[in-house]
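Labels A, B and C are assigned to the chains in the order they are written; within every chain, residues are numbered from 1.
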Amino acid sequence: MSEPPEPAEPSAEPPAEALPESLAEPLAEPTAEPVAEADPALFAHALRIAEALIFASDRPVAPARLAQALPPGIDPRAVITSLMATTAGRPVGLVEVAGGVAFRTAPELAPAITKVVEVPRRLPRVAMETLAIIAYHQPATRAEIEEIRGASLSQSTLEALLEMGFIAPRGRKEVPGRPSLWGTTPRFLEQFGLKTLTDLPRREELVSEPAPPLSA
Amino acid sequence: MSEPPEPAEPSAEPPAEALPESLAEPLAEPTAEPVAEADPALFAHALRIAEALIFASDRPVAPARLAQALPPGIDPRAVITSLMATTAGRPVGLVEVAGGVAFRTAPELAPAITKVVEVPRRLPRVAMETLAIIAYHQPATRAEIEEIRGASLSQSTLEALLEMGFIAPRGRKEVPGRPSLWGTTPRFLEQFGLKTLTDLPRREELVSEPAPPLSA
Amino acid sequence: MTQPVLHLRLDGFEGPLDLLLDLARAQKVDLEKISIIALVDQFLAVLEQARRVRLELAADWLVMAAWLAWLKSRLLVPPDPAEEVDAEALASALTDRLAELERMRLAAAWLARRDQLGREVFGRGAAEQLRIEDRSGINADLPALLQAYAAARRRALARRPYTPKHRKLWTVQDALARLGRLIGALPDWAVLHRFLPEGLTDPVEQRAALASTLIAALETARGGAIELQQDRAFGPILVRRAAPTEAIPDVRAA
């Protein structure tokens, strides 16, 4: 990326600060002992490898995959933390998503990008509700989704979610008829910028709004 | 949203140098007059847009396409030149490819980030059968192989086996035309895990050979 | 009854539960504290208006209406300990369903507000191939080699010119000779099958022998040496030596 090639880049040094909170949980236990023993030149090289590897991929890169590419003895989490710090605020920054890290454009640049890049249509309300129900109740059968919504679910809605890769079958429920069970995919996490399913608001938080808006 | 306005980043300034030679020809006639009149903040914003757009695009971005996303009055070629200069030597650099510019990982990082996957070739059926017949009937001429297989044999099949090192010529048969005789090689034994040719199961164990036709 | 907000657009609702949730929201209180009875009245009123406009209503609306009417009647009378179903529990189950639907609505709205990939944020548009395939190796092992040999040989053998199977067919001449030889020793009626040559196992050869023997028998019967009898179609064919004394007068000859 368009990082100016400052030779003595401060970011090339192993991070002294604690890991950002968001990173701490899903990716690793924060490495308490300082990684600073690593040779700074080696760490700088590791940063270059990490940047190239993550940049080349169109899917999030898991720390384990990153570790395979890094020189031995380099902690992938330290590299990620450092890369996150240096790319923060840049037009293309490193974010944590779907169990890994990926480069993403800054949201405020979207209006300019969408002038050129085609944008898919928004999901209809039914599909969004179905997706939310599957996310919270997974694995869920179609009948269970219909029960919650109090309305029948068209096959086309389910097919659309399947085609976009947001949901996937998760076996069958051992009840008469053995209906398919549905769950969300890593692609779903990616679409909505979630690190893990636990990033979804808790149910209590969903009802916490004191009074539903009158406008509804 | 997380955009610090970066008031005076060095890379944000319009490039003073001439265009890199490689860029000058396919993309544009070098703009002789300085583009420096452009507002530096606006140019910095244009650089951000360009970086994000080129990153997000699924194909190389031509200057005309880039211009659609940039603020009016910004020369896309100047933006490209500037971005090329700032990403030179970075793990991910802007390069010219057919039809425009694209980000590419630095070639010297390729060994670190690529995974070599062994995908052994399968021998085509004809080649496998020919090899088997040579193994059992060696030394054999092409005509003899054809007779045993009951089908004609293309020269290319023999050549492929020769190239893979599984067969080698074993002199010529003293019949009219003096055809080449073919036999297997040590490489053949190695591939199939044989110590000697006599390790092959006997022919009769594999096929009930030309049994007397009446008995059937 | 006087709900001017609802323009009888039942089609706009995703089923009865959706309308109920909308009505409950209009009570402007926590879903836990809504008045089920007021809710039922409102629901039935909306449905009544809708039926005035058009008679046909989807079954699930009518089922819900009937159930709600029943629920209301139970809620209005003092609880009866003998009652099997507790109306209060049913009402609270309904509230729970409404609350869950509301939560899922909020979750969907929360998701919809997120920056979405391909809309608000973008990933790498043109991924680079990070896999290099090494195709120098060859995937071939000994079993595959042996299978190939066997397959090639079998195919070549199958392609040889077809030589029909040699058959020993029992001719009519054979059958006549055998019949003539055996008939002398025959005391009484015997089944035709007994005159077949022995040791025939091939079904085709058996049938050929049977046909030849039948023809031979017919021929011999015509000569007057034997008699044939068959009681019914496909029944057993019986043979016996013709009695020389009582010459059966040939009707046609007479």
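The rule is short, and it goes like this: a residue touches a chain if its C-beta (ideal position, glycine included) is under 8 Å from a C-beta of that chain, and two chains touch if they have at least 3 such contacts.
Being a predicted model, the structure only gives us computed values, none of them experimental.
Set against the Cα centre of chain C, the chain with the most distant centre is B. Legend note: the chain whose CA centroid lies nearest the centroid of all displayed protein CA atoms is A.
Look at where the CA atoms of chain B average out and do the same for chain C: the two points lie 48 Å apart. Chain A and chain C have Cα centroids separated by 44 Å.
Work out the mean CA point of chain A and of chain B, and you get 31 Å between them.
Residue numbers of chain B whose C-beta contacts span two or more other chains: 52, 55-58, 105, 113, 115.
Of all residues in chain C, those that touch two or more other chains are 122-126, 128, 130.
Contact residues of chain C toward chain B in the complex are 122-126, 128, 130-135, 137-142, 144-146, 148-157, 159-160, 163, 165-166.
Across the complex, chain A is touched by residues 14-18, 20, 22, 25, 28-31, 60, 97, 99-112, 114-128, 130 of chain C. Interface residues of chain A, counted against chain B in their complex, comprise 1-5, 47-49, 51-53, 55-56, 68-69, 88-93, 103, 105-109, 112-113, 115-117. Within the complex formed with chain C, the residues of chain B that make contact are 52, 55-59, 102, 104-105, 113-123, 125, 128-129, 131-133, 135-136, 148-151, 164, 191-194, 200-201, 203, 206-207, 209-210, 213-214, 216.
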